[in-house]
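Labels for the chains are A, B and C, by order of writing; each one numbers its residues from 1.
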Amino acid sequence: MFDTALTAADFVFLAKGAGVTIIVTLISVLAGTILGILFGVFRYQVGAIWAAPLTFVLDIFRSIPLLIQLVLANAFIGTILQIRISGFTVACIVLSMYTAAFCSEIVRGGIEAVPATTRRAARSLGMTWGQDMREIVLPLATRVALPSWIGLALGVMKDSALVYVVQVTELLKSTQILITRLQEPLLLLLICGAFYFVISFPLARFGGYLEKRWSND
Amino acid sequence: MFNYTFQWKQALARLPQMLDGAIVTMQIAILSMAIGILLAVVLTMFRLSGNRALSAIAKTWVEIARNTPALFQIYMAHFGLGSFGIHLSPFASILLGITFNNAGYLTENFRGALKAIPDTQTRAGRSLGFGAAGAFRYIVLPQMLRISFLPMTNQMVWAILMTSLGVTVGMNSDLYGVTQDLNALTFRTFELFAVAAVIFYLITKVITLGARLVASRLFRY
Amino acid sequence: MIEIENVRKSFGSLEVLKGIDLTVQKGEVVTIIGGSGSGKSTLLTCINGLEPIDSGRILVDGTEVHAKGTDLNKLRRKIGIVFQQFNAFPHLTVLENVTLAQRKVLKRSRAEAEAEAVKQLNHVGLGDKLKVYPGRLSGGQQQRMAIARALAMSPDYMLFDEVTSALDPQLVGEVLDTLRMLAGEGMTMICVTHEMKFAREVSDRVAFFHKGVMAEIAPPEQLFGNPKDTELQKFLSATH
């Protein structure tokens, strides 16, 4: 059907790229989420004024292009600090901070969505701060935050396409390399796009479903 | 501490060129938003039309825009269309890619906004003699755009950040492209991109604050 | 003249209008009372064609509302309707609320539309709120604005669908006063209402709806003074 020069080896090459995309995403989302929760709870706990420096720094990650963040981090670590680490590590560090910046907003929003009256009731029953956080805030805030968090994780997967700039050959870069070699852009791009879509679409749907179900309570 | 000498002067000397690039970046973002909003309104009408084919077009557009990387969408505009013999300039490719993305996300935002407008508004409009189109145009649409104002501001910020991807399709007159070309000349990578980062940061802040100001002036109800 | 002939209407398996016959003459004020779910509000939205009907027909000045070729947008210009929810357009000032349809539907000039709007707003006592957004108005004021908005289209008929039901008790009076004034001026009106005292005062005839049927219709003194239908007797003793 398709008259194509695409070989089995090329598919393996693409699959490797896809693997890199997934691994970079998983590491960054995991690390970024942990950091994001810490930052988010901290920001909520100390209040807007004391959290201002942290808020400012995190906001930078949301206000300049990811491409520039990657280039700057690479130059800073490699050229200025003269530390030799792989592009893969740089990519994971930057994407983790990028994730953390967005995640801390989501976490803070989730905690703020728990009514103060509910928490006062919990404390009135003699719960400690920790118990209140675990038993009351965590389950309620999760309902608000989880759908947004799914959106964030998928966003990070899509944005991970930019780590090519620090010499990491993920899926889109692999595709581009093959495009240059085989001159079959449409077929290759459709394969690549389908991969992202097949992962992102059902998860995004699931997030939308959760949001709908939980907002009806 | 480290034996690296920052050479900020070299980078700052290039500031005029970079600011010219920033203007191109703004142009792309503003154009892509203006066209994106128009397209999103049309796609929203497709969804509301009750016509299956039209709403399928809108749905497909939204899902592709939201579930694939923006860079992929730009590649499609450039290399994808290229394989149909349509060869777009770098500027047209990046504009098309970002506009496609904007339109998809904005359509989804509009859907959320429409949920906040009660059906009774349309009913009231129809009762006054407006046709379906008139009720949408004069009663639903203005409210929808106002409710979506904040998401539109966010999308505008995204559009600014997305212009940096133009470099992948050969764009070199926007802020990122200019910076990269200067980098190839001087190799002051950190300094140059740090300056570019500051410019990007300031642009996004101006947009966010400006939008807040406009909102407080415009939406007094 | 509004002629309603054997109108039937169902929502799914629930039949809300079971063959209604009613004729309202020009200048007449008819109020419809009855328990909730009796179909009385649905009838109003059928009259201006917002709801389709299953059978029967409704004629407004001889034009069949639900006939295929009927231009509903044109027909609705002569039928004003005010709903329980005020349906103010929140993005427009009071003046703009009242001028919008005049300008876009009736193609009146801005000056013409504004003059008419000011006249109607003065009429309902909102002459000092022209530049205010509806969000700043009380429910009673919003409802009076909605009445002015409908009146500005120079309708021949006015339909009022429980216009005081969503109001705080202390705001009901001002809206009812507006309706009384309109009735006094000879406007043809059909009012669905829970306000028995109001119905008694302004109506030429009062209709009692029960479970989709018009169980009784009579001049107010007769209907309230000497109700024949047993459901109506129950209804009246429960509301007094």
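Keep in mind that, in the parts below, contacts are C-beta pairs under 8 Å (C-beta built on N, C-alpha and C of every residue); 3 or more make two chains touch, one makes a residue touch a chain.
Nothing here was measured: the structure is a model prediction, and the numbers come from that model.
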Have a look at which chains touch which and call the overall pattern line, ring, star, complete or other.
line
Of every pair of chains, which is linked by the largest number of C-beta contacts?
A-B
Using Cα averages as centroids, what's the distance between chain B and chain C in whole Å?
46
Centre to centre, by mean C-alpha position, how many angstrom separate chain A and chain B?
20
Chain-centre distance (mean CA atoms) for chain A and chain C, in whole Å, is 55
Which of the residues in chain A come into contact with chain B in the complex?
60, 63-69, 71-72, 75-76, 79-82, 154, 158-159, 161-162, 172, 175-176, 179, 184-186, 189, 192-193, 196-197, 200-201, 204
Residues on chain C engaged by chain B in the complex (per definition of touch):
48, 50, 73-74, 76-77, 79-81, 83, 85, 87, 89-91, 100-101, 104-106, 133-136, 146, 149-150, 153
List of chain B residues in touch with chain C within their complex
118, 120-121, 123-131, 134, 138-139, 142-143, 146, 220-221
Applying the document's contact rule, which stretches of chain B touch chain A when the two form their complex?
2-4, 63-64, 66-72, 75-76, 79-80, 82-84, 157, 161-165, 167, 176, 189-190, 193-194, 196-197, 200-201, 204-205
